[in-house]
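The two complexes that follow have chain A in common; it is paired with chain B in the first and with chain C in the second.
And now, the complex of A and B:
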């Protein structure tokens, strides 16, 4: 409302009164509109909210009381006066009932009019103030309600369990995810709940609730459900009151089963690596200790043999460490690959040349069977060389003297298929299954003298799969094995 | 002097251990896998068995030790372990596995001789 220049509408069919009042009120600082009948007045009220409205009771078109009703419906906070010469007690009562603020009997003096209007303006201010307060209260209530439901929705949507208990250990709030993370079917607000928590968690919550002052510190514990079906990480934080005492504890329950599984795999791997590293060291240290022990007599040729054995064990340890480093680089995808077009024929010929000495030592016959035209593949040269060096050197190591190695290559749809067959010792079905596992090495009477890290084929598999290829093996125990590599052709 | 069976899949460990124990006047039998190990014990009834904890597979040594006990062999068993106690498996004598003592690899000749003598004395 403009307190400096209040707005007023005068609805009256008497032109003299309309104009006279208008002039008078404009001099008093009012902004004045006039209407000569009820319909025009109502139209004006539809477009403007006037502070004050004066309505003549008797007009030719619509009755003043009907005009009043309509204006109060449109603008409940506009202050309306009924003006009429035909004053009567009944119309006064009726107009007040319909929402008129007051009644101005005609004829009126300018002083009477202004006095009445000023009172009306004060009333208008009160109405507006009340309206503002009401709206504010409604808005803030709405906001609170909205905020509450929003928080509730958020907490319900969290996959972690959220449980709030008071100092009596009773449930104040919980979300649905809490139930399965405590492996219980039901929780009731107000119910004592500490007996439903796993022991370690109950201890933490009990200790927190017994603190005199809230310590700004969270405690975490882990527990398992159904013997390892699910692992839960529970974080408890105290909820402070205004005076710093403890109001309760909020417990957040997070499913960490995935992490636990990875951790277990990691621990197993570390333990296997430690074992593999320690085995050759133990052998070498064993020899050294014997050689240094004066109470044990050894001949010079025995000493030479021990040194040779030690050197060979340390060499394989070095191979192992190098393979491990390669694997970790591959896992971390740190390998700086140089992708280029590769001629697989050339790579296999070079590999065989590189292994010539070992092939000759075992008197092996190598047959290479390649079609004239073969598509190129796109890959890192060193990685593909590594794949075929590992596979072909296995075909040599696990072969029989005067045996053969057949290498076939063919185009197979979107893949280039390379088969490396040997006439070696072959594998038992259970050995075949574990073949690509880290550190697996077939152990039988034939393999005793064969060295290896147990990582070669796991590296082969990692490299081939990183190119979206596949490696398979077929084998007959004591007859031989065939390794089949499928590499995608980049057309 | 005693007859001792050493069962370990690492020929270098068998070689070194044999040499140490032979130097103290013991006779040695050896096997490189659980099956052969069971056979030499069954056939020769040694005074002491030295058994590696992890042969082909983790736990192979454990299973073989259990098999000896199940089949009625009361021969003392000294177990070689190569997994550090900090990494996961933790065991003490007789715990989980029916063996009489442990030696952690790498083996020191003095410790091996001492443990072997203790077990033979108890017998």
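And now, the complex of A and C:
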């Protein structure tokens, strides 16, 4: 409402009174509209909300009380006055019953009119204030409702289960994810639920609910569903009342199956490593024990042999530790990689040179077949050397005396493909499958004398894959194997 | 001392441990035969018909020892002699078995489990126990 310039509508069929009042009120600062009959008045009210309306009781078209009823319906907060010369107690009562604020008997003096209107304006202010408060209250209620449903949506969207139980162990709230984390089909609000929880969890919740005062501390337990199909981490936190006593417990259920699986793989790897480390140590210890045992007679040549064997076992132990360190560095991506453009021909020629002694020992023939033009690859020199040293030294170790090694290289779309074929002992299909697994070593009548850590090819695979390349193997048992390395070309 | 068990067949793919156990057991008066693989071990077993067999667990496969025990125990001779598994796997790899529970006896056809490195006293105790 404009308190400086209140708006008023005067509905009266008497022109003199209409215009007289209009002039008077405009001088008083009112913004005045007039209507000469009920219908016009109602039309004006439809379009404008007036602070005040004066309605003549007797008009030729519509009865003033009907006009009043219609105006109050349209504008409940407009303050209406009934003005008439035919004042009667009954009409006064009737008009206030229909919503008129007051009754102005005609004729009235300007002072009387203004006095009444000012009272009406105060009432108008009260009505508007009440309206404002009502609206505010409704809006805040709406907000609370919004907030509740938003919270509910948020909790429902969490992939972890959220379950709230009261001191009676009954469900107060839960989200949908709770069901599969407890491996149950249904849960009802108000239902006793502690018997639906795994034992360890029930114990924690029961203990928390029996506490007199809420301790600000959460407890965690883990359990498995269907013998390891799913692992769940459950965190229980007490929910306090205002006075600090326990109102209930909120349980958050997280799926930690992936984490558990990684943990299991890690533990398996660690125990395999321990076994691989212990075996050569046990062999060396065994020789030392025998050599120191005075009750056992061994010849000098036996002693020499034991020392040579011990040394060889310790050397392979050292190789193993170095391979393990390489793997761990690779996994942690701590390798200080120096990416440069590499000429694969040069790398392979150098590797052959490095392994010359072993090649000569087995009287192997090495054929290198490279086209004149080959694209360069971008990689860390040491890593690529490592890859081909491992592959070519396998081709030597698992070869036959006077056998051959063929090394081919070609450009294949976006890849550089290097094939290393040998005329060696080859592999059985089931050995081929496990070839790149850590610590896998083919064990058969041909491999007995061959030493190795069982990590060489798993390192090859890790390096190649870290460059988004691929390594494959083809093999025929007792005929030979071909290792195929695809390395992406940086164009 | 070793009246009941003159000959023992040792099967292990670790040639060093095989050599050492041979020396230790020969010192105690046993006649020792050795084999470096399951395949050769089974062949030797059938040829020499030893008084006892000691088998390594992890050879060609992680469970080679179990398979070999089963094959030996299926033979007429194998039924009547002690066959032991020698391993460090129970400690190292968390591969838990003792071949003492009824369930394990169902699927592990051995007469006992020995831990590496072999203790001759432990072996003798097991042999005596088997006899009784």
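Following the convention adopted for this analysis, the second predicted complex is superposed on the first by the 349 of 491 C-alpha atoms of A that agree within 3 Å, B and C clash if a C-alpha of one lies under 4 Å from a C-alpha of the other, contacts with A are read in each partner's own complex, and residues count from 1 in each chain.
As a convention for this text, a contact is a pair of C-beta atoms (placed from the backbone, for glycine too) under 8 Å apart; a residue touches a chain by one contact, two chains touch by 3 or more.
For clarity, every value in this text was computed on a predicted model and none was experimentally measured.
Student: With the two complexes overlaid on their shared chain, look at chain A and say whether chain B and chain C clash or fit.
Tutor: Chain B and chain C clash in the superposed model.
Student: Quick check on the superposed pair: does A:123 touch chain B, chain C, both, or neither? Answer first, second, both or neither.
Tutor: neither
Student: After lining up the shared chain so the two structures overlap, which partner does A:470 touch, if you call chain B first and chain C second: first, second, both or neither?
Tutor: neither
Student: Would you sort A:274 into first (chain B), second (chain C), both or neither based on which partner it touches?
Tutor: both
Student: Is A:72 contacted by the first partner chain B, the second partner chain C, both or neither?
Tutor: It touches nothing on chain B or chain C.
Student: Would you check which partner chain A:283 touches, where first means chain B only, second means chain C only, and both and neither mean what they say?
Tutor: both
Student: Of the partners chain B and chain C, which touch A:349 in the superposed model: first, second, both, neither?
Tutor: neither
Student: Which positions of chain A sit in both the chain B and the chain C interface?
Tutor: 267-268, 271, 274-275, 278-279, 282-283, 285-287, 289-290, 295-296, 298, 309, 313, 443, 448
Student: So in the complex, which bits of chain C are touching chain A?
Tutor: Its residues touching chain A are 13-17, 19-20, 23-24, 27, 36-37, 39, 58-60, 88-89, 92-94, 116-117.
Student: In their shared complex, at which residues does chain A touch chain C?
Tutor: 267-268, 271-272, 274-275, 278-279, 282-283, 285-287, 289-290, 295-296, 298, 309, 313, 443-445, 448
Student: Which residues of chain A touch chain B in their complex?
Tutor: It comes out as residues 267-268, 270-271, 274-275, 278-279, 281-287, 289-290, 293, 295-298, 302, 309, 313, 443, 448.
Student: Given the complex with chain A, which residues does chain B contribute to the contact?
Tutor: 9-13, 15-17, 19-20, 23, 32-33, 54, 56, 82-84, 87-89, 105-110
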